[in-house]
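A, B and C are the chain letters, set down in written order, and residue numbers restart from 1 in every chain.
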Amino acid sequence: MWEMQTRPHVKTEVFEGPLELLLELIEKRKLHISDVSLAAVCDEYIARISAHTELPVGETAEFVTLAATLLLIKSRSLLPTLALSEEESRDIKELEYRLALYQLIKDAARSVGEATKSPALYEGSAPAPEPMFLFDASITKESLLGAAQTLIVGFPKSLVLPKVAVKKIVSIEEMITQMAARVSSAFRLSFKEFAGMNKQASAHARHEIIISFLALLELVKQGIIKANQGEHFSDIVLESDSVSVPSYE
Amino acid sequence: MNENALAIQIEGLLFSLGRPLTRAELCKAMGAELDMVEVALATLRARTRGGIVLVDDGKVVELRTAPAAAELVEKIRKEEYSRDIGKAGLEALAAVIYRGPLSRSEIDFIRGVNSSQTLRTLLMRGLVRKISNPKDERSFLYEPTTELLAELGVAHKDELPDYVSVQEKLRTLETAYRAQELLVPTEEPA
Amino acid sequence: MNENALAIQIEGLLFSLGRPLTRAELCKAMGAELDMVEVALATLRARTRGGIVLVDDGKVVELRTAPAAAELVEKIRKEEYSRDIGKAGLEALAAVIYRGPLSRSEIDFIRGVNSSQTLRTLLMRGLVRKISNPKDERSFLYEPTTELLAELGVAHKDELPDYVSVQEKLRTLETAYRAQELLVPTEEPA
């Protein structure tokens, strides 16, 4: 029933969307979907999308939004004191859910693909009735023109970008800058909290925070270096300043 | 192959082709001897309790609607024919008239939905007809019948209102969409 | 009319019209209640020993050749079938089969990718159809068709590999997520 269509073959990407890439990274490490595994693959995810000068058209925003959530998960694993907002923890939960859902559907898609190789059930041909001409009064020059116009209007003009995603962050670099600022402010906040706490305990906690945060910065830098833009380095310097704050004591 | 398996295959083949087959054709298709085919045909003739029966004139065999269902079929056919061709019918007809002759998959492409049922109705009502596709002999193209054009009061389809401009617009949109499809690396070619 | 007579009439009608019919069309044609029609359809579905099978997508039924006849039919019809659906198409189909009917944005949400072009291709091939969304008149839902089932070689969704277990897993996942979501008030996923 389907007719052959000959079209030049398009070389496809190894991964089509952000969920697919993320799932691939997790499955490659034979991990289950959890915040731990998501934190573990964060760096590689960012490296992979940074290496792609051209992400699939229309999906860039989705890739970046997901990277932001991953960075947040990673940040929290490095900075256990990082308090998440309601929206942030919802984003993380949603990502884990979407990934698990996608994993199931992707496996099911494989079964569907296998089923297409099984014998198809073919159409019958009804015994042909005698040829005739049965006009219908609704067919007029005007109604045909109207139908043609419907076809013109209904033709997809361009690929519609997902509205929600477009509103979100546009570039990886910008997103990382925002994340760095977010984590840095969380750090300052927790430093203030600690300052008011028991001296000994806070000294210990501060020590841990500094180590964690340096590790995090390293990660953020990895993501930014590829962009090699001076302005982003200045962001890091700014973050380093905040790291140096505890040493004033 | 036993005669039951043979009967299944014969039934499937007759159903799919929708035309009478000679015993010689059956033997050839099955790669079976005539006596085996006769046994299988006897099995099929014995099945008289369904809505489909095997009609056998001794030379050719064919599947037909059972007499028990004939009256109903007649009634429903009449109802279908007296009905308007509907929005889908008008759209497919417009595609065929303004952009035709077109293959079924091209009509599907312009409408963005599968048109096989709609085209079947248009064919049965004699509003469009199939012509062979010069580019691919396995497939057909659809074009409006002369009766349809006569009924619309035009000698040729280009006398229809806005014929050239509508055709041009559709062509531009199709070309643009196909070009875009090629740019998007996310989709396997259909 | 008893259900056996009804089954004969339905089979005859499907055969002679040569197209899929909805349950609503059948009820109207037979002048019968839905539950009677369901019983008759179950009778037809149970007849699995012939060369013709009843494919049922839950809403629409259609007669098709049995899998046992597929090889022969393919050989005789000598048509070129492009059965390659592509990775994107298979994922969208899996979502629609195992979790459908779904809106386009729900499919996008599951796949993490814009699926509009993929869905258009599937619509063109008649593998999915659009139905109106009961929750939102302006949008559509996509659901599987008899064409899709026939292409996958099954007469009914539940004959698909792992149909029950995949459904079960999806339900478990969903329940866990919803329960968790109740703790954090949230909007509907896009």
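Everything below uses one rule, namely that a contact is a pair of C-beta atoms (placed from the backbone, for glycine too) under 8 Å apart; a residue touches a chain by one contact, two chains touch by 3 or more.
Please read all numbers here as calculations on a predicted model, not as lab measurements.
Enquirer: Could you pull out the chain whose C-alpha mean position is farthest off from that of chain A?
Expert: B
Enquirer: Which one of the chains is closest to the middle, using the mean of its C-alpha atoms?
Expert: Answer by centroid distance: C.
Enquirer: Using mean C-alpha positions as chain centres, tell me how far chain A is from chain C in Å, no decimals.
Expert: From the centre of chain A to the centre of chain C is 30 Å.
Enquirer: Which whole number of Å gives the spacing of the CA centres of chain B and chain C?
Expert: So the centroids are 21 Å from each other.
Enquirer: Mind checking the centre-to-centre distance between chain A and chain B? Centres are C-alpha means, answer in whole Å.
Expert: Whole-Å distance between the two chain centres: 44.
Enquirer: So which stretches of chain A touch two or more other chains?
Expert: 1-5, 12, 16-17, 56, 58-59, 122-127, 156, 159
Enquirer: Which chain B residues reach two or more other chains?
Expert: 12, 15-18, 63, 65, 77, 105, 111-112, 116, 181, 184, 186-190
Enquirer: Chain A touches which residues of chain C in the complex?
Expert: My answer: residues 15-19, 52-53, 55, 63-71, 73-74, 77, 80-83, 85, 87-88, 90-91, 93-95, 97-99, 105, 108-114, 116-117, 120, 125-126, 147, 149-155, 160-162, 166, 169-170, 173, 177, 180-181, 184, 186, 189-190.
Enquirer: Using the touch definition up top, name the residues of chain C that touch chain B in the complex.
Expert: 4-5, 7-20, 29-30, 47, 49-52, 63, 65-66, 68-70, 72-73, 75-80, 82, 84-89, 113-114, 117-118, 120-121, 123-126, 129-130, 147
Enquirer: Quick one: in the complex, what on chain A touches chain C?
Expert: Listed in rising order, the residues are 1-5, 12, 16-20, 56, 58-59, 62, 66, 86, 89-90, 93-94, 97-98, 100-102, 104-116, 118-127, 156, 159-162, 164.
Enquirer: Okay, in this complex, where on chain A does chain B touch?
Expert: Residue positions touching the partner: 1-5, 7-13, 16-17, 56-59, 122-129, 131-152, 154-159.
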